[in-house]
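The same chain A turns up in both complexes below, where it pairs with chain B and then with chain C.
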Partner chain A sequence: MYIRAAAGISPQSSFEQILADPVPVTGSRLQCMEPDYAKLIDPKMIRRMSRIIKMGVAAAIQCLEEAGERMPDAIIAGTAYGCLGDTEVFLQKMVENDEQLLTPTAFIQSTHNTVAAQIALLLKCHSYNNTFVHRGFSFENAMTDALSLLKDGQMKTVLAGGIDEITDTSHTILKRFGLYKKEPFPAGNIFQTGSKGTIAGEGASFFVLQSEASGNDYAQLTGMDTFYKPASGEEIRQHISAFLERQNINREDIDLVISGENGDMKNDAVYDMVYQTVLSGIAHIPFKHLSGEYPTASAFALWLAANILKAGKLPGGIQTKKTPVTVLIYNHYQHIYHSLYLLAAC
Partner chain B sequence: MSNRVYIAGAGIISAIGNNITENLAALESGQAGMGEMKYLLSAHRGKIPVAEVKMDNAGLAALSGLPSHYSRTALLSAIAAKEALTNAAIPDFSTLRSGFISANTVGGMDKTENFFADFLAGPDKGRLRNVVHHECGAATEIVADLLGIKHHISTISTACSSSANAIFFGARLIRQGVLDVVVAGGTDALTKFTLNGFNTLMILDNRYCQPFDENRRGLNLGEGAGYIVMASERVAQTLPSAPYCTLSGYCNANDAYHQTASSPDGTGSYLAMKGALEKSGLSTGEIDYINLHGTGTQNNDIAEGTAIKLLFEGKYPPMSSTKSFTGHTLGASGGIEAVYSVLSIRHGLIYPNLRFETPMKELPFTPETTFKKDAAICNVLSNSFGFGGNCSSLVFSKV
Partner chain C sequence: MADLKKQIIAQLNLKDLKPEDIGDDQPLFVEGLGLDSIDALELIVLLQQEYKIKLANAEEGQSVFRSVRTMAQYITDHQGKSTA
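Our next item is the complex of A and B:
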């Protein structure tokens, strides 16, 4: 499967910005830098869209434009939380007005399939349309679906993406679960704190995926895999080794690993363990200081990997022996949802 | 070896019964599940009828083996999914590559909406255990763990077509050799959030719904869960009894007309049915029964009916909306109706469309009004259409 185009809305304005001068994390939350939507979406439609819908639709449209594709054969979205903003608006009014005198707009846009549906509506696209909402596997499920559709052979072009937003309410509630850092840390550096908690993130990343090489692709996605609730470090190592074996690749052939350290001690111990064992000796970089932590953050990692392979440039002053050709992404979300992606330069 | 996908088991809980046997008995006796709200604590009690599962959360918890403070969505899911897996009786299940693909539309909203009432009084208010399972994926995760399924778990949310898409996705993973067995379908509990949402859209019937009737007034919301167990041919050969049928066709299309309304000519519905038939290799004349989406709203029934009129061109198979029994169970409806479809094939059943009185003036056909046994049913078409233009159709066929 080839990544024909990749577009993302994230706390970083662009890949170039990440290379030159990434936005540093300061508080417990990284917010998206939103583009000028009027350049991408019909202003009449923007007016009715909530923030997550705008982010998702804009990333999707940007991605299609870059690929020069007007009508994908499938549109697939992954989102763990869905349209939180509209859900909260409707819930609040419902509680405050004791279920009386409510208006439908927020309810209509609160359904989890709204982003994928709005993309279809905007494109007048009657093709396959699906939305996955499985926590830290939402984006992986969307990618599995995309792979499966392309494997079937009847479709050539699939648009797939991962989207999640932070709202003030969700941030307040998730903070109460103890997910985020309480102690201060040096600006931009969440990794050396040896403390509990991460920083919240959000983003919309979309990909135009095709079964055939176009001659102008970001990268080839040669394989992906997921595993759920591994019981031990041994099981994690086995899953990673087995994946590399199935992909017919030696550890030495991997130029770079992009991994999901998020600054939480316990979370990051998993990555320390794999870098001391099954992935030892390979150059690696984190990404969650750029995106923040969220259930579909792996979509940002895939966007980053695709850009690194296309540009042949690495962020964060990291040196590799040669321009990276083979990149592995390893991410886990809350030690429940683990995913692996293997990419090759085109 | 063929890459056919066999239906090895089914499980269901709905307003007309807590298992397959009870559902079949109610379908035969014409006993609808709607009534006055008993378990949902809404300001609309007494004004808007709903189709509730006839048991409180403590009872559902006991049946499912889960704690009673869990979301009703998860409790319903666990009961139906466990029945489906028991019903399939797959030998050496734990040694197979298995998947649990469950759909729902509002996850743990039944708990979140209570949390939110407290939370509005102050950001440190409200019990966190009532919001910890808010995400749609939480219910799926709870039930997957209960069933011991680890290889693949996913949750789909495409409004009212959600569980049809779960079945479609699961079938593909089996056909492509990724998994051996998949439990797929969906669950949804009644919540104030959905009840009020549909109420603002003014598509709720304050009487019992009349799908495909000229004088239809809207839908009744329901709740429940329905799952089928799909197996590869290799696994199907090891089953202790013959499989129900195969899933022979499926298609997902988008109406791309409006966020909530269907296009007048039912473009999405037409494309979904046509695509599913093409996939199955069947002609319209070979369909023996259509389990309609048939919500009872003005908009759905004319769009779906127009699409059927166009596609079937004068030769209309028996059809009915079982939502006249169960209400519209949203994310669960495709799963519940898939269970009714596979039972239709196994037992030769056609279900009545309750309370049908007056034919729609635009349509040259009417739904079935009586329960029929021992019918020759080889192929059933099941429709699920939803908000966001999401339209999916499935075709089940006798082995």
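Our next item is the complex of A and C:
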């Protein structure tokens, strides 16, 4: 399967910015840098769209434009939180108005499948449209669906993406649960805190996936896999080894690993373990200091990997023996949802 | 009617419009402001929230929401009366 185009709205304005001067982490939250939506979306549609819908639709439109595709055979999204902003508006009005006089727009737009639906409305695309809401596997299951449709030969071009937002309310609540850092940490470096908690993040990343090479692709997605709630480090190592074996690839063939360290001591211990064992000796970079942590952050990692392979350049001044040709993404969300993606340069 | 226009703009999130951009007799739907059926529901909520007026039946909506003037007239005729 080939990644024909990749576009994202994230706390970083572009891949070039990540290479040159990434936005540093300064607090417990990284917010997206949003484009001028009026240039991308019909103003009549924008007025009803909440922030996450605009982010998702804009990323999808940019992606399709880059691929030169007007009408994908399928639109598939993954989101864990859905449209939190409109959900909050709707619930707030329920309380304020004693469950009466509820405005329809906030209700309609608060459902998880709104982003994929709005993309379809904008494109007038009546094809397959699906949204996966499976917590830390939301994006992975969207991708699995997309790849299955392409592999079956039912479809040739699929638009797939992952989207999640953080709002003031959700950030406050999740921080109260202990998910995010409470104490200050070294400027710009979330990985040397030795403490609990991570950095809240958000983003919208979309991909045009095709079954055939176009000659101008970002990368080839040669494999992906997920595993759930591994019981031990040994089980994690076995899953990774088995995945590489199924892909007919040796550890030495991997030029770069992009992994999901997020600054939480317990979370990052998993990555330390794999880098000391099954993935030892391979150059590796984290990505969550750029995106923050969120259930569909692996979509940002895929966007980053695709850009690295297309540009042949690495962020953060990392040096590898040769220009990366084979990139592995290993991410887990809350040590429950583990995912692996293997990409190759085209 | 200027206040009503402000309320319509706020309720429907018509950010690019000012009250003076909406004509008193300009059709609100289709060829006029281009509003649609979801906007009609929002206008019903606006009448209830701001003026405590509940439309007696849905068929009235077409004539009530024809323009800002017809809305204002309906509000004037029904304010203080209970139609529930």
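Miscellaneous remarks
Just so we're on the same page, the second predicted complex is superposed on the first by the 346 of 346 C-alpha atoms of A that agree within 3 Å, B and C clash if a C-alpha of one lies under 4 Å from a C-alpha of the other, contacts with A are read in each partner's own complex, and residues count from 1 in each chain.
Everything below uses one rule, namely that a residue touches a chain if its C-beta (ideal position, glycine included) is under 8 Å from a C-beta of that chain, and two chains touch if they have at least 3 such contacts.
Since the model is a prediction, treat every value here as computed from it, not as a measurement.
Aligning the shared chain A places chain B and chain C next to each other free of steric conflict. Of the two partner chains, neither chain B nor chain C is touched by A:D21. Contacts of A:P104 after superposition on the shared chain: both chain B and chain C are touched. Once the two complexes are overlaid on the shared chain, A:E252 sits clear of chain B and of chain C alike.
By the touch criterion defined above, A:E96 reaches chain B but does not reach chain C. In the superposed model, A:P43 makes contact with chain C only, not with chain B.
Looking at the superposition, the partner that touches the larger set of chain A residues, chain B or chain C, turns out to be B.
Using CA centres, the angle subtended at chain A by chain B and chain C is 60 degrees, rounded to a multiple of 10.
When the shared chain is aligned, no partner comes close enough to touch A:E183: not chain B, not chain C.
Figure legend note: chain B and chain C, brought together by superposition on chain A, show a least Cα distance of 7 Å. Contacts of chain A with chain B, set against its contacts with chain C after fitting on chain A, overlap at residues 102-104, 108. Contact residues on chain A toward chain B in their complex (touch as defined above): 75, 80-82, 87, 90-92, 94-96, 98-100, 102-104, 107-114, 116-118, 120-121, 123-135, 137-138, 141, 144-145, 148-149, 151-152, 169, 172-173, 176-177, 226, 228-229, 336.
Of all residues in chain B, those touching chain A in their complex are 42-44, 105, 107, 112-113, 116-117, 119-120, 123-124, 128, 131-132, 135-138, 140-141, 145, 150-159, 165, 169, 172-173, 176, 178, 192-193, 196-197, 199-201, 252-260, 267-268, 271, 386-390.
Residue ranges on chain A touching chain C, taken from their complex, read 43-44, 47-48, 97, 101-105, 108. On the chain C side of its complex with chain A, the touching residues are 11-16, 34, 38, 41-42, 45, 48-49.
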